[in-house]
Structures are given as structure tokens and as C-alpha cells.
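Note that the chains take the letters A, B, C and D in the order they are written out, and that residue 1 is the start of every chain.
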Amino acid sequence: MEPERVSRLTTALEATATQQRNSTLLAVKPERIIEACKMVVEDREFYHLTTITAIDEGQVISLFYHFWRGTEFLTVKTAVPKSDPRLQSVTEALPAALFYEAEIADLLGVVFVGSPMTGRKLLLPDNYPTDAPSPLRKESNPAQIRKMMGLD
Amino acid sequence: MGLLSWSRKKSPWIFHVNAASCNGCDIELVASLTPRFDVERLGVQLVPSPRHADVLVVTGTANALMRERLKTIYEQMPEPKYVVAVGACALGGGVYQECYNVTNGIDKVIPVDLYIPGCPPRPEAIMYGILKLLGIAPEKELEPALEEEIVGAGASK
Amino acid sequence: MTDSPLDPKSEASAGLMQYSPENLVPFGPVHPSLKEPEYFKLYLEGEKIVQVVPRIGYVHRGIERAAQDRTWVQNIYLFERICGICSFAHSMAYTQTAERLTAFEVPRRARYIRLIIAELERIHSHLLWLGLVGYWTGFDTLFMWVWKDREHILDLFETITGNRVHKSFITISGVRNDLPENIIEPLKKEMKYLTGRVDYYSDLVSTEETLVARTRGVGRIDQDVARRLCPVGPLLRCTGIARDIRKEDPYAAYDELVPDVKTSNQGDIASLLLLRLEEIRESCRLVTDAIEKIPAGNVKLAVPRVIPAGDSVGHIEAPRGELFYFVRSAGGMKPERVKIRTCTMANILTATEMLKGHTLADVPVVLTGMDPCFGCMDRIAVVDVAKGKEWSVRGEELRLHGINWYKPGRQT
Amino acid sequence: MLDTIAEALLFPGLTFFVWLAFVFEWLERKTVARMQGRIGPVVAGPAGILQPVADFFKLVGKEEIIPAFADKFVFEFGPPLFFAAPAIGVVFIPVIGPSALVSHPLDIIFILFILAFSAFMAAMLGYSSAGRYSTIGIGRLILQYTSYEIPMIIAVITPALLARDLSLDGIVAAQSGEWFIFLAPVSFACFIVAALAELEKPPFDIPSAKTELVAGWMTEFSGRALAYVKLTKNLSYVFLSAIAVTLFLGGPLGPMPAMVWWAQDLLYLVYFLVKLFAVGFLIFAIRSALARVRIDQAAGLFWTIVTPLSLLQLGIIMLLR
């Protein structure tokens, strides 16, 4: 990505940028995620939100917003603490994020504030045990979930 | 061979349920209807409503959401009915065995008469399975009360 | 997001709650026009659709979690089974993404073979789709003919990889086997045959009156919607945006054999039909070129058991569009996390948008238009908008809807 | 009297036509399979000719499920009544010889009544099962019925006008010189198109479109009821083809050398069957070569093209006669 574009984004968002191969990683604070997404999308070339990835990293849950511009990725990274996984929803700026946020909310238990899907069970079956951890969290145990759901 | 058991052998109508399958078995099942294999030769028809069907063909792992649907569909079918499990997933969970949302085999949900293994089974295997089923079909006993109701007294069996 | 088809608030504000249950037509989950179980709640005014609410998740199996418990090589065969139609695309996307974390270079011959299989799979997938369009518009003859031609591709798969559906052919660092001997001539012959058939089908779908009537102007989307909702693949290209990962971010041998990206600017199902047929023609050309130019050499290196630590992002152009993989390795035998974004997942939002304003008769055609592959999507996504308070009446109905579908109560 | 009843029930009446209905279904499946590059049924009987029979008896021997909310009376007694419509109609068709078993000066009116009654019974059956798909299917059926009924009536009265007779016997007799298909080809085409709609064959299989409405208004039926419904649809198929033969193709008439009466009857039968299968094949061919249209497109087609064309033909004939 062009250096001036990177520096413009980093200074405006107080972010740090790292580059490798054809992708740029922009780490921002969780409270600035909407602003970051808006800035990226206003840049008409980065309109395509590929997806949002979330990973349980032990203490925090990291979220990667992958944007694609034809030849390169721009990934906006942020992290929320696992003890209180709350993040602003970006569906205002990015309608396409609706489903991607929904799946993260279900699989990793991140709460997206302001998402139209808030408070609804999205991904998992209706009888998914409420006291079991979200399936993609490190502490979840498929065998235990199976037993709780009565699949065996 | 009575008229009724003859007609049952010659005319198995199938209803296909994809219970959380990867599509592989489904396209092979559909492929067995197409010109290269053409199971209509054996009188097999793919019917759109479970009410019309004799054979329930199930592919896939029957995940938590599909389990109930599968039971409902099974109950909607009129007797005598047969269930064929197609593919590794329907047999025992296949590659998804022990995933958190997967039943290890649909025979934990509904009774299965015939298993067709493979991931996915070839259309030839599915046809062979159907032929096998035609072999066993008339021998399946109905509940006496139900048989009385359906077949009536004096009908050939 | 105020105008999302899935926004329950907009549903309420649009007065949907006033519709009696008779206006609600469940489409699925087990419906003859969907080879896979999905559930679409369609709100009708007469035959006109005013709102669509999908409930997707009947194929959810939990593969991403399962991937964390399997080794790098086992995962190839797991991801292959995400979807039976684009199985090679899945395994290739995963393999490539994982390979980016390693130091080795995939042999050139292997990259060509990957291209050949991937393009054959694209032809297969598009033909399958064309057949299903025939089936879904009640044109069974087209369906049968196309599926007959599809068997030619399956025969090639069988000759090259040994399997018809799940090829199990790719491996980390290359492909598992070399091409069989004497494959060049049969491959070229089949490609020539298929190109001829594509000419015939192009003619058919653009002249057959009833088919044209069913597809022209149906499910139209424009570039603005496409930019907003981010669909991928042919659905995006049919709005005139030339986006093809094969060209933008070349992988396999696409840097040497550059595909010609086809677009259309109509944005309806009729143009999708022709666009996909054009893509088949282009794929035939690519396969023919590849088999002529294929270099000699190894097809694989020693398959590594351990992948070096790091994050890797990869995407490929699957038959249905951009298929995205994110792989994180902790340097062990198993991946730390694999994230998959399938094409249908990106397209479903657009499809619900396309459905609005059409009649019930158009539903199968429009849903087919995006070439849905719920098997792919559902490893991850379920949308259950029926859980909210305002749905309490219908929540009961939803649970029983399988029964209601056949035995509805007379709710007066 | 007993003779007539026996003939009406056996030959050339109901039993004969039911047999023809089975043959028609077999032929349809075989022809369509051939056009699609398949073989079609082969295992039940020689070349699979007993396939429809096997289907029928299998369905008769199955459990019959009555949906919980169905109107049980209509649901149970509807299918036999539905079957009765074409079953009564067939005795008015001249098969062996130029006159039918039962003839009346106002035959045509009765035939039109039977056609309307079929659609009415289908609607009753669909509504009685109270399923969503059935209900939508019936909505479409009625819409389709209102579209094709008028061109069909016009197409039917055109031959009557040509023959200046309202009985089928009279119409057949009037075609001893020239078949009406040559005098009123457009009417014949309109009749075939309307018949496709009446029979719910592609491109007008809208009320029972399986990819949209499961099995349309037939979704809820199982076992014996379904067997009746399917048989009735096949019988209607034969019945409508037979009407087309009678009205436009001279019925059983053809070159008739002087022979003993039974040989003449046999020749009449052969002529009739040849024409009947010709019409049948025409319908099979159209059916397998077209995609399904939408209900609004079907209505548009009937109101803007088929109805004006049939009226035009009628007008031309009225002017010329």
C-alpha cells in the first residue's frame, strides 16, 4: 500500500501499521473501530469487506477486518478483553459486516453493540447449552457440548 | 408373488433429505437420476413431498437443527416406509465425527433399513443399494394393526 | 444499517407484524428446489414477496472447531468435505494459505496441475448450476442434458485424481500424484467437445422463450447494491465489476496463464446464465493451454508435518467467487485457528435483496442465481431472527413449522 | 340397456380408457426420457409398460394419512368424485364407429361442464387438505383456470359451429369430408395450449410446480387418494386428447373399405388410437421442450394471445359460413 496512505491512516487513527507480502496490518484501539472502518471505506477502492476473523488468544479476542482492493489486503486489527468482550458494531458503515459479526458473536461470544442481531442466538442450534462456552473459545470441549446437547 | 408386493418392488418413490451434508452425496444421488445412470429404469422417482414417498434417502450428519426435521419428515411418510442412509456421514458421522453439532449416524435419530457407504458413494453404489432395498422391501413386516388398516382382509401380500 | 433485509427493526417498521401467518410461506428447510436444507421465510402479498428472512444453519457442522483438533494434513481432507461441489477449491485455498507460512516453493508442474483441476472444477460447478437452473424453472430436459455433459468432466476427474467428487488430490507442497500418461489428447478432446456444447447452450438459453421469460430482468442488482453488500464471484461480475482473484492475486499457474475476466452489465439471472457459460468457455481454453504448456518436473516435495508459526491470509477464485482462508499456526502439528469465509456467505445478503419484489415463482430461480452452497456457508452461519420478543407468537410456530408446513392450524 | 352399461364400463368405455390412461403415462415417461437422453422405466413388465400399474397398486396399498386440520369429508370422498368427471366424460367419445355410446344433442355443453367440474374438484381437494402449499397451488390453479377456460370454450365451439351441431356424433359426421383441423387450425392450436394448462403440463405446470410448491395442491395426498388423483390426471390426459381427436381430427373416421362389421369396428378403433397417440405425442413433445412460465406470464399469454387468436378464428369462420 502506498506509504502516504498508510501514514495518513496511522496518524488519524493512532494506529500502528505493519506490512508483509501484499497485505497491510493496521492495529487500532477497539473504541476507534467504527472510525477506522469508515475511513477505509470512504477510500472507495477498499469498499470490499472480505470478512471478519476473530481469534481467541487467551487473554484477549483479536478481530481482523479484512478489506481487499484488487491487489492487496488491508487488515484492520483490534482486540477486546475476553473478560468483557464488547465492541461497537460496524454495520452502519459496512452493511456487509452483518453476517460476519453475527457468526463471531455466536462462535466466540463477542457482543457487538448496536448490531441489529444483538441478543439473538445466531449461529448455533436452539438447544445449544447456555452454560457451555462458545465453541471456538479455547476452553470449549466438543465432547462435553455433545453430551449437553444430547447428541449421543 | 402377490400384486401388492410386486408393485412395491417395482415402484420405489424416493424422497431425499439433506441432513447437513456436504453436497457430495446429494449430487451423486441426483446424478443417478440423470442419463448416464437413470434409476428411473428401476421405477425410481424422486418425489417432492414425503407424503408420496416410499423410501426416505438421507444424506449427511443430522446436526442438532436437522434432527427434529428429520423425525418430522419420517413421521409424515405413510407406511410402509424405508430409510436409506447414504454416505459416510449418515452412517456414522464420517469426517465430522465428534464435532460439537453432529450426530454420529442418523440411525440414532430414525430407524435405518439400508446403509450405503462411501464418501460419497458412486451412483452405481446408490443404484446397487436401491436394488438391494427392492430385494428386502417386501419382506419388511408391517405392524399387524396397520396392515389390517392398509391392506384390508383378503388382499394379497 | 436501516435497510437490511435482516434488520428486525425494519421488519417491524415495515409493518410486517400485521401480516397474518397465511402470508408467511416457509420455503424449506427441506424443499425440493433446495438440494440442501435451508429455511427462508417469505412474506407474501398475494404472490409478491415483500420480505425475506433466511434462517440458515441447517448444515452447520462445526468444522472450524474440528480443524483445531486435526493435523495439517488431515485438515486438507476435512476442508475438502466442506462442500462437495467446490471441494478442490477449499482444499487448494487451505493448502496455499498454509504454504505461505513455509519457505518452500511449490513445483511449477504441480502449480499447473492445480490450475487444471481447479478449472475443471469450475466447469463442473457451472454446468451443475446450469442444470439446476433448468430443473428449477421446470425445464427438465435442459437439466438432463447438462448433467449428461457434466459426466464428461467427472470422468476426467476420475482419470486424473481417482475420485469423482472429493478429489483428495492436493497436498501441502504440491499434488499427490502426477498426471496419468496419455491424458493430453483426451483432455483436449473433451475441452473441444464442451466448448461446442457451451455454444449450443448459449444459443439455447438466449433463444428459448420460456426460459428467457423466466430469467430476463429477474433478480436484478446494480453496482451500488453490489458495492454495499459485497457479493463475490459471478454475482459481482454480472453487475459489471471485473473482480477475479485469479487475475488480481495470481496463484497456482495463473500468473503465467492469465484468464480473461468476463463481465456483464445486466445484473439479472439471464445475464448470469450467459456469463457463467462464457466462464466455462474461458476455463476450457485455460485447461487446453495449461496441458500444452505444462512443464516437466516434480509434482511435490516432502510433505511437512509442522508448519512454522505465523498468520497467513489467502483467497482464491472458487467457482462461486472469492473463497477466503485465514490460517494461524503456532508452529505445531495442528493449526491454531483456521477461519473460512465461503462465497455463499458473502452472497446470501445480496440474494435476499434480489428476492424482494419478485413473485414466489421466482424464488427458486433467484436463489439459484447466486449458486447457493449452504454446505459451505453453514459450517459457520445461522441467522435466527425469529428469536426476538416480537416474534413470540411465531416462535412457537417456528418450532413446529415442520409440522405446520403440512398440517397448519386454521389461525383465524 | 345392459349392453350399454357393459360397454360403458368395459369397452369402449371406462376400463378401456383407464387402460389407455396407464399406457399414456408409460408413453409419456418413455418419450420424455428419450428426449432427455435417458431410457425410462424398463423393469416393470416388458419395456416397463406396467410401471404406471405398479405405481397405482403400490399407492393403493399404502397408508392413507389425513392431515389433522383437513376437511375429512371432502378429503376422503373428493378423489373418487374427481375421478368421476373424466370417467363419465369418456362415454361421450365415439371410438368404434362414428357414434358414441351415449349421445345427446347437447354433448358439447356437457363436455364443457365436465372440464369445469374437474377444475372445481381439484380446487375442493386442494382446499380440503388445508396445507399452505396446497392453498397457494389452488390459488394458481384458479387463476390459470380463468385464463384458459375462455379460449378453450371458444376452441371447442368452433368445430360445433362448423358442423352446425352440438353433439359429438354430429361433429364427427361433419368431418367425413374434411377434418376441422384444416378448416380451423388456429382453434386446434389454441385447444392444445389450453389442454396443456388444464392438464398442468409444462409450460403450465404452475399449480403443481414441484420446485416452488412441493407438489402443489397434491402435496397432502397419500396412499389411495393419491392413486386416484394421479389416475384421474392421466385419464383427463386421455380424455382431452380424445376430445381433440373428435373435434378436429375426425374422430375414428378414415378410409373405410366395405367389410364385415367387426372388421370395420376394428379399423375405426385403429384410426382412433393412431390419432389419439399422435395428439399425445404432440403434447409430450411440447411438454419436454419448454420451461415453466410464471403465473402472470401464463395469464398474459392466454389473455393477450390465445384468446384473441381463437376469437379471430371463430370470427373468420362465422364470416365464411
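Everything that follows uses one rule, which is that contacts are C-beta pairs under 8 Å (C-beta built on N, C-alpha and C of every residue); 3 or more make two chains touch, one makes a residue touch a chain.
What you see is a predicted model, and the numbers here were worked out from it, not measured in a lab.
Contacts with chain C and chain D are shared by B. Of the two interfaces, B-C and A-B, the higher number of touching C-beta pairs belongs to B-C.
Inter-chain centre distance (chain B to chain C, centres taken as mean C-alpha positions): 27 Å. In whole angstrom, the spacing between the mean C-alpha positions of chain A and chain B is 42. Between chain A and chain D, the centres computed from C-alpha atoms are 61 Å apart. If you average the Cα atoms of chain B and of chain D, the two centres end up 34 Å apart. Residues of chain B found to touch two or more other chains are 34-35, 48, 51, 63, 65, 76, 98-102. Among the residues of chain D, those in touch with two or more other chains are 36-38, 210-211, 214, 219-220.
Within chain C, residues 32, 57, 60, 62, 65-66, 144-145, 148, 382, 406 each touch two or more of the remaining chains. Across the complex, chain B meets chain C through its residues 16-28, 30-31, 34-36, 48, 51, 60-61, 63, 65-66, 68-69, 72-73, 76, 94-96, 98-102, 119-120, 122. Taken in their complex, chain B has these residues touching chain D: 3-4, 6-8, 10-11, 13, 34-35, 38, 40-43, 47-49, 51-52, 54, 76, 78-80, 146, 149-151, 155. Within the complex, the chain D residues that touch chain B are 29, 33, 36-44, 48, 50-51, 53-58, 61-65, 210-211, 214-215, 218-223, 226.
Those residues of chain A lying in contact with chain B across their complex are 124-128, 135, 140, 142-143, 145-146, 149, 151-152.
Contact residues of chain D toward chain C in the complex are 32, 35-38, 67-69, 130-133, 135-136, 139, 202-203, 205-206, 209-214, 219-220, 288-297.
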